[in-house]
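Each chain gets a letter, A, B, C, D, E and F, in the order it is written, and its residues are counted from 1.
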Amino acid sequence: MANPKSFHEPVSGMAVPRFAGIATFMRLPHVAPKDAANIDIGIIGVPFDGGTTNRPGPRHGPRQVREMSQMVRRSNPALRITPYELANVADLGDAEVNPADLMDSMAKLEAYYARLVGMNVLPLSCGGDHLISYPILRALGAKRPVGMIHFDAHTDLNDSYFGGFKITHGTPFRRAIEDGVLDPKRTVQIGIRGSAYDYEDREYAASVGVRIITVEEFNDLGVARTMEIARKVAGDGPTYVSFDIDALDPAYAPGTGTPEVCGFTNREAIQMVRLLRGLNFVGADMVEVSPPFDPSGYTAYNGANILWELLCLMAEHVGKGR
Amino acid sequence: MANPKSFHEPVSGMAVPRFAGIATFMRLPHVAPKDAANIDIGIIGVPFDGGTTNRPGPRHGPRQVREMSQMVRRSNPALRITPYELANVADLGDAEVNPADLMDSMAKLEAYYARLVGMNVLPLSCGGDHLISYPILRALGAKRPVGMIHFDAHTDLNDSYFGGFKITHGTPFRRAIEDGVLDPKRTVQIGIRGSAYDYEDREYAASVGVRIITVEEFNDLGVARTMEIARKVAGDGPTYVSFDIDALDPAYAPGTGTPEVCGFTNREAIQMVRLLRGLNFVGADMVEVSPPFDPSGYTAYNGANILWELLCLMAEHVGKGR
Amino acid sequence: MANPKSFHEPVSGMAVPRFAGIATFMRLPHVAPKDAANIDIGIIGVPFDGGTTNRPGPRHGPRQVREMSQMVRRSNPALRITPYELANVADLGDAEVNPADLMDSMAKLEAYYARLVGMNVLPLSCGGDHLISYPILRALGAKRPVGMIHFDAHTDLNDSYFGGFKITHGTPFRRAIEDGVLDPKRTVQIGIRGSAYDYEDREYAASVGVRIITVEEFNDLGVARTMEIARKVAGDGPTYVSFDIDALDPAYAPGTGTPEVCGFTNREAIQMVRLLRGLNFVGADMVEVSPPFDPSGYTAYNGANILWELLCLMAEHVGKGR
Amino acid sequence: MANPKSFHEPVSGMAVPRFAGIATFMRLPHVAPKDAANIDIGIIGVPFDGGTTNRPGPRHGPRQVREMSQMVRRSNPALRITPYELANVADLGDAEVNPADLMDSMAKLEAYYARLVGMNVLPLSCGGDHLISYPILRALGAKRPVGMIHFDAHTDLNDSYFGGFKITHGTPFRRAIEDGVLDPKRTVQIGIRGSAYDYEDREYAASVGVRIITVEEFNDLGVARTMEIARKVAGDGPTYVSFDIDALDPAYAPGTGTPEVCGFTNREAIQMVRLLRGLNFVGADMVEVSPPFDPSGYTAYNGANILWELLCLMAEHVGKGR
Amino acid sequence: MANPKSFHEPVSGMAVPRFAGIATFMRLPHVAPKDAANIDIGIIGVPFDGGTTNRPGPRHGPRQVREMSQMVRRSNPALRITPYELANVADLGDAEVNPADLMDSMAKLEAYYARLVGMNVLPLSCGGDHLISYPILRALGAKRPVGMIHFDAHTDLNDSYFGGFKITHGTPFRRAIEDGVLDPKRTVQIGIRGSAYDYEDREYAASVGVRIITVEEFNDLGVARTMEIARKVAGDGPTYVSFDIDALDPAYAPGTGTPEVCGFTNREAIQMVRLLRGLNFVGADMVEVSPPFDPSGYTAYNGANILWELLCLMAEHVGKGR
Amino acid sequence: MANPKSFHEPVSGMAVPRFAGIATFMRLPHVAPKDAANIDIGIIGVPFDGGTTNRPGPRHGPRQVREMSQMVRRSNPALRITPYELANVADLGDAEVNPADLMDSMAKLEAYYARLVGMNVLPLSCGGDHLISYPILRALGAKRPVGMIHFDAHTDLNDSYFGGFKITHGTPFRRAIEDGVLDPKRTVQIGIRGSAYDYEDREYAASVGVRIITVEEFNDLGVARTMEIARKVAGDGPTYVSFDIDALDPAYAPGTGTPEVCGFTNREAIQMVRLLRGLNFVGADMVEVSPPFDPSGYTAYNGANILWELLCLMAEHVGKGR
C-alpha cells in the first residue's frame, strides 16, 4: 500500500502553464505498468477502435483526452475532494492493442487488465471504442460477475452485425453477460435513445434483467430519482461504471461515431456521476471520443471532466478502504 | 393505394454499413415523381435559397440532410412507430428550381406540389430557405386554406425588404395568408425570439389572429402546455407543420442563416414534435439548414431527426386513414 | 445632454443587408472619444490579452464581436426596449493598448476610462481578457467603490501566478478590492465552478464578504431566486456588471481561453441579465471571447447578445435619469 | 487634384496593433463617396452574389477581405512603391446592392460607378461575385470600350443558364462585349482551365478576338512570356484588370464558389500582377472570395494581397499622370 | 457492346444546378452491377478502411468524392475528350464490404471484381484505403499478371505489421506480386518519399524489379521525363493505374491517413495522369481520401478530378477498341 | 560521450501504432535536462509567445509539433541517414518560461541553454515565437559570436515597436547582433518578403553586413544557387540555423501569426535544409507554429519535418565529430 506522503501530484498550472510540458492524463507522472505496484488508481489509454461499425476515430481518443485534461486542476470544490491526497494515481500510458487484428487486441487487453487486477490497481480507462469494456469486464469479473452503471445512448446489447459478426462496439455487454462476468440484474443503462433497427436488444435486456432508463424516462424522473434507481440496481456489490461519451447530446459531444440527438447536457451528466459517490468501484471507463470528428477538443474536454469526477469518487473509495 | 407488402424499406445499417452507398433520405429508394403513384409520403429536397436576405447556403441543405439521415434507423422506440410498416415512403429527389430567377422558381415549385397533391402524395420537404413553404402552401391550400403549426425564431410575417421587395424568406406566411391558402386563425408560431427591426410583424399576427408563443412565454409554459395550446389553435382541420431549424439554439443548429440565441434544445424540440401525434397532416417541411455554416453536419443531423419524427407521425396518420 | 432627436441609429438590415458595410458594434456610427461629448453610452473594444495565463486570443475579440453584432436589430421585444430612443449610443472604437507591455496597458486603459467618466459616458466594454476590468474599475471606482454583479466560471480573486506575478486575468478583482475601488460586500459572483488549484480564492472571498453563487447552488436556486440574491447584494448603489463569456458552457462558448464544463445555457444567461433591469449601472463589460478558438463566431455572437441586453438596460437607466 | 501632403495614410501596425481597431481596407480612412472629390483611388466593397449559379457566399467577401487586409503594411519592397505617397486612397465603404433583385442591383451598381467616373476616382473593387464586373464595365466603358486583362479559371463568356437566363456570374463579359463597353480584341484571359459543359464559350472568344491563355499554355509559356503576350493584347489603351480568386489553385483559395484544380500558386499570380506595371489602368477588381467556404481567411488574405499589388500599380499610374 | 446513342449522360449543371439532386459519381445514372451488361466503364465506390494502420477514415471516401464530383462537367478541354461520347459509363454504387471482418471483405471484393471482369466492365474504383487494390488486382490479373503505374508517397510493399500481420494498406502490392497477379517488372511507383522504418521495402522492390521514382528523382527528371520512364516500364501490356491521394502534398490533400510532405502539386499530378493517354488500361483506382481529416472536401475534389482524367483516358481506350 | 549501443531509439510504428502512446518529439524517450549528460542532441519545446505583436498562439506549438511528429519514422531515405545510429537524442521536455513576464522568461531561457551548452548538448528547439532565438543565441554565442542561416518571411531585425519596446518577436536578431552574440557578416536570411512598414530593417542589415535573399531573388536563383550563397556566407565557423515556419507559404503553413503570401513550398524548403549537410551546427530551431490558427495540424507537421531534417544533419555532424 502506498504511503500517502509519496502520492503523485499533478504539475500545477500556477507553476508550469497548462500549455507547457508533455501531456499526460491530468498532468500526472507516467508510470509503466510494471512499476505500478504502489499505484492505487491507474489511468489508462486504450487506443483501439477496431470494433467500430460506423464512423471511426476513437483510436485517437486517449491522446486528445490527455491534451484536454491539462486544463483540469488539483481539487474538486463541488465534492470537496482532492483525489491526490486520498490515493496514489498515475498515468499508466496506453495499453497495447493491435489495430490489424481484433481478436488479438481482445486477448492482449484482457491479459493487461488481469495483471492490473493482480496488482490491486483500480483501472480508470479512456477509450477507444466501447468494445474495450468487454475485455476489461472479463478481467474484472473473472472471479465474480460485477454490476454496472452504464451511461450511453445505446444499449450495446446487440447480438451480431454484418451477417453474424459477434464482436463489435455494439455487442460488448451481451457478450459479457453471456460470459458470466457482468451481472445483468445489477446492471442499469441510462440515457438510451435514438432510432433502432429493431427492439431485440431491449427485449434481451428485459429478459435477463438489465434495467434500461431511456432519455424519455429520464425526462420524467429527473437527475436525482434516476440515480436513486440506478444505485438501487447496482447495490453494494462491486460495480463498474462505463460512460460512453455519446450519452451526451451532440451539442456537447460532436466528436463521436454514433451520435444521437436528445442526449444529456454535461451538467446533467456530471450531476449524475457525482451521485455515484460511495459506490463500490471496481473500475470505470469513458469511451467513444473520436477526435477526427471534433478537432476543437471539446468532446474530449467533456470526457476528461467525466474521468476527473470518476477519479475523485474512486480516490475517495480507495481512501475509505485504506 | 399501395399494398403494405410492397412498401419500401430503408437499407439496414446492420447489413450495409451506414457509410456505404449512395445517400438518399433515410436510405430509402429514389423514386421519380412520375412513378410516385403508389407512394404515400414523398420526401423531397428543395435546393433553393433565392429568398435569403442574410447569410446564404440552404440550397445545399437537401444533400447534407440526406448524408446525415444515413444514421437514422428503421424504428422509433419512443413512439413505438415503424413508419415503413404503415406507409409507402420514398425519396422523390429534388424539386426543380431556378437559382437565377426567384419568380420562376416559385412557379415551378407550386406546379410540382400541385402535381403531388393530385397524386395523393403527402409531401415531407427538406429546404432550402423558408420561402419554399409559400409555393407549397399555395398548392396544399389551393382548395381550402390549411392551418399551420410553425416552429421558428422568426414570424416570417414581414411585409417587404429592401425598398418593397415582397417575396423573401422573411415574408412567406404573410403572402400565404393574403392569398387565402393559410388560415391565420388556425396558425400558431412557436419559439419566436430575438431582436427586431420593429413590431409590425407581431402586430400583423395579432390583427389576423395568428397565435405567437415566444420563447419567453415557452419558458413559463413548458413543453406540454405549449403544445396543448398549439394543438388547440390548429384543431382537427388539415394542418401543415413547418419547422425552421433556427427554432433551435445556435448551439444545436449553427448551420443556418439567421440564428438567434435562446432557442430550443433538440430535446425540447423533439418532445414538441412528438406531441403532434394524431394531427391531421397535409404535409410538413424542415428548412433553413445551411451547410456552409456547419461543415460538421450536426445542424443537418438535427434536421434529419426532425424529419424522421415527422415521418413517423405522418406514416401513422396515413396508416389510420387507410 | 444629447437631444433625443439626434440620437444615433443603427443601419437597418431592412435597407442595407446585414452582410454589407464596415462592421461597427451594432451597426452604430463610429465616434472618436474626443467627439463623444453628447454620447450617453459608448461601446468600446479593448483588444488586450496580455493578462492571459492559459490559451490566448481575446485580443481578437472586439473585431469578431463587431462582426457578429451585425445580426442584432433595433428593438428588444422581450424587454420592449428600443435603446436608441432612450440614449445616444456610439461605437467609440478600440481603446489604446500596448501588447508588449502589460503595465503600460493598464495605465493607458485607466486613463482612457477616467476620461470617459469625466465626460459622463457610460462605458460598455468588449474585451479582451478579464484583466481589462481592473483598470476600468479603477477609473469608475476612483471616487467611491462600486458594487459588482459578476458572471463567470472563475472568481478571478487569485493572489498571484508563476512565482508571484500579481497582475493577470486571474487576479483583477482581488487587486480592485485591495485598491478600494470595488466594494466586496456589494459584489456577487455567479456561475463559479470547475476544478481548482486550492480553495484560497474562495476563502478570500468569504473573508472580505464577496458572495459566491456556484453553479451547484444555482442548480438548486434557479434563475429567479439567484438574481434576487444578486440584486440584494448589489443594492441600490452604483454597480458594475462584468460578464465573462466562460460563464456559459463550452457548448455555447467554445471560443474562450479557460472553458469549464457545466456552465450556463445562453437562455439562462440572458434571463439573468434581463433581471438586472433597474440596476444603478455605472458601466458593464463582456470579456474573454477568443476568436482563434471559435472561427464560427458563435461565441462572439452570444457575447454580442449579452452586450445587446446590457445596452438595452443601460439605455433605460440613462433614459430614466434624464 | 489632391495635395500630396494631405494624402491618407493607413494606421501603422507599429503604433496600433494589427488586431485593433475597426477594420477598413488596408486600415485606410473610410470616406463616403459623396466626400470623395479629392480621392484618386477608391477601394470599394461590392457585397453581392446574386449572379452565382453554384455555391454562394461572395456577398460576405468585402468584410473578410477588409479583416485580412489589416495585415498589409505601408510599402511594397518588391516594387519599391509606397502607394500612399503617390495617390490619395480611401475605403469608400460598400456599394449599395439589393440581394433580392438582381436587375435592380445591376442598375444601382452602374449608377454608382458612373458617379465615381464622373469624379475621376479610379475604382479598385472587392467582390462579390464576378457579375459585378459587368455594371462596372458599363460605367467605365460608357464612352469608349476598354481593354481587359482577366485572370480566371473560367472565361465567363457563356451565353445563358437554366433555360435562357442571361445575367449570371458566368456571362458578364459576353454581355459587356455585346454592349460595346469591352473591346474583345484588347481582352486577354489567363488561367482558363477545368472541365466544360461544351466549347461554345471558347468558340465565341475566338470569333470575337478574345485571347485565351489556358493553364496548359501557361505551363509552357511561363510567367514572363505569358505577361508579354497579355500586355501586347491590351496595348496602351485604357485597360481594366479583373482578378477572379479562382484563378488560384484551391490549395491557395479554397474559399470560392467554383474552384478548379491546377490553378496558379500565389507566387505565380503575384508575379503576373506585378508585370502589369505601367498599364493604363481605368480600374480593377478582385472577386469571388466566398468566406463561408474558408473561415480561416486565407483565401481573403490572398485576395487582399492581390488588391494591394494592384493598388501599388494604380497609385504609380496616378502619380505619373499627375 | 453498347450502342453509342444510348450512352449515359451526366446531368448538366446548366440545367439542374450542381448543388441539386442525389449525388452520384460525375452526376451519372446509378446502375446496379447486375444491370451493367452494356456498361463499358463502371465507377465503383469501395467504402473500406479495415487495412489502415494509422489514421482511419477512407471508408467515408466514396460518398465525399461523389459529392465533390458534382462540380465536374461533361468535356475535358485540355484533352479534347468527352468521355460520354466514347463509352457508356455509370455509377455502379458501392461494392459490398464487411467493416468487421477484413478477410471476408477481401473475398467479397475479389468476387465482385471478378464478376465485372466477366462482364467486360472496366472498373474505375474510388477507395477506401489502399488495401482495396489487392483484391481488385487478384480479379484483374487472375489469368495473366498486369502491369501497374502507381502514384503514391509509399511503396505499399511492406511485408507485415504489428508482429506479423500480412494484410494491411501497407502491404497490398507485395501480396499481389507474391500471388502472381501483378508483374513487378512492369510496375513503376512514382512519388515515393518520407521517412522510413527501414529500407526493406525498397530492397524488395529492387530485388523483384519494381521501378521506384522518388520525389527527389522526380525533382530532377520533371514531369515529361518521369512519364516517359513510367510508360516504358509499363509497356503495351494490360496495365492498371493506382493513384493514392497521398501522392499529393498535404497542402493539396490534407484529408488522408498517412500524409507525407514534399508531395506533388495537383498540376504536376494531373499533367502526369494525362501522359497516360493511350495506355492499355485494365482498370484504375484513386484511394485513401479520408473525409474526417478534410471536411472542406478539397482532398476529395482533387480525387474526383484524378478520377475524371482517368475516366477520359479510359473512355478513349474503350472507344478505340470498339 | 554516449556509447552508441545505448543510443535512444524512437518507438516503432510497426510495433506500437502511431496513434498510441504519450506524445514526445519523434517518439523518443523523455529525459530531464539534469539527466542529459550522455545526450548528444536534445529536442526542446519552448512554449512561449510573449514576444508576439500580432496574432498569438505559438505557446501551444511544442505540444502540437510533438503530436504530429508521431508520424515521423526512423530513417531518412533521401539523405540515407538514420540519426539514432549516429547520436544519442532525447526529448528534453519544455524549457521553463513565465507567460506573465517577458524579461523573466528571457533570463530563464538563457540560463537553461547555458546549462545545455555546458553539458555539450546540441539544442534543437521548437518554439514558441521567434523571440526565443534571442536567449538561445545569447547562450550559444556567449564566448564567440555564431553565424546563422535563417529562413523567414521577415528579417526580425526591427528596432522597436509600440513606442520604443525593444524586445519582441520582430527584434531578436538586431538585439543579438548588438549584444555581439550573432555575427552579422556570417548571417544570411532567406525568404524575406511581404509588405513593410518601412525599409529601416533592410538598411540596418545592409549596414552591418547581413545578407538578405528575398523571395524575388530566390525566384531567380533557384534552390541550389541560393544555398551555395548561404553556405558561403556562413562559412565553416559555428553556425546556428533558425527556421521560422512563416518562411513557408500560407498554403503550407496557415498556422502562424504573421503569414505572408508568396512563400516557399515545403519541397523547396526541405531541399534547402538538406543542402545544409556538413554545416558546423551549434544548434537549430523551428519557430512560430501557432496551433489555434491551424487545428488540422499540418503547419505543425511541416514544422516536425523541418525538425526531422535538421535532426538528421545534426546527428551526422555529431557522428563525424565523435
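Everything below uses one rule, namely that a residue touches a chain if its C-beta (ideal position, glycine included) is under 8 Å from a C-beta of that chain, and two chains touch if they have at least 3 such contacts.
Nothing here was measured: the structure is a model prediction, and the numbers come from that model.
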Q: Show which chains lie in contact with chain C and also with chain E.
A: A, B, D, F
**Q.** Mean-CA-position distance for chain D and chain A (Å)
**A.** 56
Q.
From the mean C-alpha coordinate of chain C to that of chain F, what's the distance rounded to whole Å?
A. 40
Q: Give the residues of chain C that touch two or more other chains, as numbers and ranges in rising order.
A: 17, 19, 53, 55, 59-60, 99, 161-163, 251, 265, 293, 296
Q: Indicate which of the five shapes (line, ring, star, complete, other) describes how the chains touch one another.
A: other
Q) Considering every pair of chains, which are in touch? A) A-B, A-C, A-E, A-F, B-C, B-D, B-E, C-D, C-F, D-E, D-F, E-F
Q) Which of the residues in chain E come into contact with chain A in the complex? A) 49, 51-53, 55-57, 59-60, 98-102, 161-163, 165, 167-168, 292-293
Q. Any idea which chain B residues touch chain E in the complex?
A. 16-17, 19-24, 30, 45, 47, 59-60, 62-63, 66-67, 91, 93-94, 96-97, 99, 295-296
Q: Report the residues of chain B in contact with chain A in the complex, numbered from low to high.
A: 12-15, 17-19, 71-78, 251-252, 265-267, 270-271, 296, 298, 301-302, 305, 308
**Q.** Complex contacts: residues of chain C adjacent to chain A
**A.** 53-55, 161-163, 193-199, 202, 214-216, 219, 249-251, 254, 258-259, 261-263, 265, 293-294
